[in-house]
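The two complexes that follow have chain A in common; it is paired with chain B in the first and with chain C in the second.
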Partner chain A sequence: MTGATATWTAYETTSAALGALAAEGATGALSGERGIVYLSAGRVVHAESAFTPDLGALLTRSGAVAPDGWWDAVDRGGAQHRVGHRLVDSGRLAAGALEVCHLGALFDAAYFVLAHDTRAHRFRPGAAHWLGAVRSVPVDAVVRESGRRRALLDRIWPDSAVDTAPLARVPGAGGADLPVRRVRTLTQVDGVRTAAQIASALACRTYHTLVELRRLAAAGLVAPAPAPAPPRTRAPDPGGGGWQDPDTALLRRLRDALEAL
Partner chain B sequence: MPGIDESLLEAMRLPGARGASLVDWISGLALGAVGEAPGGDWEATAAETAELARHVAESGSLSAGGAQAAAEPGKAPEVEDLIATTADAYHLLRFVSTPFDSTVFLHLWLGRHDGNLALARIRLAGMAERLVLG
Partner chain C sequence: MANLETSLKECLSAIDGATAAALVDYTSGMALGTLGGTKDFNLEVAAAGNTDVVRAKLRTMEHLGLNEEIEDILITLSSQYHMIRLLKSRGGNGLFLYLVLDSSRANLAMARHQLRRIESELEV
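Moving on, here comes the complex of A and B:
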């Protein structure tokens, strides 16, 4: 397959480049603006994003694996790309638990890589992740799932500012009788942290945190924190207005009106 | 120690088993599936059953006393399983408790004619435990 992997550059989006690499049966790491997708023989074997906790964070911060045990597996298995196997072989983690956590991290990171589906930056042929083979997923399944996840978020509450902005609790709003996961998420909303930071603090997958945060936004409990006051030196807008952030109260009224139809 | 596929294949050895899957009840993703899909499409089945499971998992009435579990990541909801019966089938959904953040359940589809619901419920509980504890 000499030179075959050069064709990925012809594609405008990361998802299309992944599709081309999958068709070639390529092995390597494709970097996009928000993360990296690792392929082996054309299938997705891992993904990483700065927006999502990695496998080590999910396992150690939850207490599922002691940090010493995790780093021991990385030290002993990293060079051979067998960290996952080391965790299981040394009895620190059950095989099924590794697979469930790994797929959770893979789809979580892939969501963020593909949510911002711009042109891929670079492909490193032959690059493998130090975690090693755990489970692999077809590229089209990952792309389809990411699209489905995006649609699910928009059905819950169609304001994507919740996903990236610092978040604040809405003053005076209640919060009693919420499900356990939503309460845990709500307690981390402090006017400063973003969804990714909240996910990291909770050792939770970021997409799953976004789901809770959008439900909290839909319930009127959480909103993007007010932006700091604009500098006074800014020239007045000659157009008299211009584009503004979507107003969540307006969105809420719109939703209520649509539901009442 | 069983992985996801081994656990699902073990579930398929139960009398009357037609299909088995492991599904994330927040995202609606099927992490694995073997056998026949109810309705013919595992992705659609997973998305639908996930929505059902989420409502039950988040139900304050059904998981009475669930507030105790508030602080632990990945702890399964207080509800253990859901059972739906139709004229010709049983659907058994078993929540899986993990020591890290996950929101998954096992879904077993049994033919009603030769399936044994009581046996399947006991065995699926054991499989859910071995999947994450080895």
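Moving on, here comes the complex of A and C:
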């Protein structure tokens, strides 16, 4: 860990600040408007954003890890920043499968952090994520991949509001002859949910969901909801079903804040 | 238990004739891990290009209304085999293993069998 982490403030964008921190070999957490990127010795070890379901949601909703197993690993491994290790050591998940899911969540969150590449808000030197070391990626690979994804999505349909706004079906539009995967996504569009909530409901990676949603937008079937509902409003719960993701995100941040004390 | 690195290493050590391997996300075209590329054979480029192959086949199947999964795709060149094996996952991760084999040394049936085993370590 280095002490020289003051220069990142000189940069106008999060990506440039990340580049400077990487060059210093910094360790810590850089917060931007849309999420946090965790660095260790100048490499990206994790990223999270409220606009994308986290690793826990991905693993538990897809059924790869039982919710009890996930929370048990968080309880036992969280304080030592070894949740990932605990999942693997306890035999709940193969190391390779964890790495694959972790990289998926990392690049999904980094896309959101860097899609809106404004000045970074804060850097907490030395801060580590409770997940612990799983796999690290060079900063330039993350920045390059985020840019590439942005370009790919814009080529499908150049409206980035689809990524973050509550989405609604366009009244009167058809929807026949759609591939199965797109129909699955379309049925989740209800005028309230955002891309992240749809991805979470489908237990599908956010970027893949964004691709499907932008295709649906390009086909004139889906558009950002006209009167934007307050993003945190809950729909009336139909029969007490399950976790809502904003809660998980809030709990996660609370835990991080408590650990940082 | 195998991690990503050891799974790719196993591809090259356990499969006869294998010269390069990559794990690729076919929605974005990004290689999550690569092993064995040379300066004459850029695996990142191969990963991105073969993403188009997978996507074209998936799209064709959708147009045909085939509700099936692709298990693998084999491309036979004059001196190489390129094998693409899609990973099954409940979360729809959209990944494939890409393997380059020297056709004079490779045993295709054995390679497919080994790849299936290595793949199971990466599936969620």
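Following the convention adopted for this analysis, the second predicted complex is superposed on the first by the 223 of 261 C-alpha atoms of A that agree within 3 Å, B and C clash if a C-alpha of one lies under 4 Å from a C-alpha of the other, contacts with A are read in each partner's own complex, and residues count from 1 in each chain.
In the analysis below, contacts are C-beta pairs under 8 Å (C-beta built on N, C-alpha and C of every residue); 3 or more make two chains touch, one makes a residue touch a chain.
Owing to the predicted nature of the structure, the values given are computational and were not obtained by experimental measurement.
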Chain A as common anchor, with chain B and chain C clashing or fitting: clash
Touching partner for A:Gly63 - first (chain B), second (chain C), both, neither: both
First, second, both or neither for A:Val183, with chain B first and chain C second: first
Partner chain in contact with A:Ala10 - chain B first, chain C second, else both or neither: neither
Chain A positions touched by chain B in one structure and by chain C in the second: 58-59, 62-64, 88, 94-97, 99-101, 103-104, 107, 135, 145, 148-149, 152, 179-181, 202-205, 207-208, 211
Chain B residues touching chain A - in the complex, by the definition given at the top: 1-4, 6-7, 22, 24, 26-29, 31, 43, 47, 57-58, 60, 66-67, 69-71, 73-74, 77, 96, 98-104, 130-134
Sites on chain C touched by chain A in the complex: 1-4, 6-7, 23, 25, 27-30, 32, 59, 62, 67, 89-95, 121-124
Footprint of chain C on chain A - complex, ascending: 58-59, 61-64, 88, 93-97, 99-101, 103-104, 107, 135, 145, 148-149, 152, 179-181, 202-205, 207-208, 211
Residues on chain A engaged by chain B in the complex (per definition of touch): 58-59, 62-64, 88, 91, 94-101, 103-104, 107, 135, 144-145, 148-149, 152, 177, 179-184, 202-205, 207-208, 211
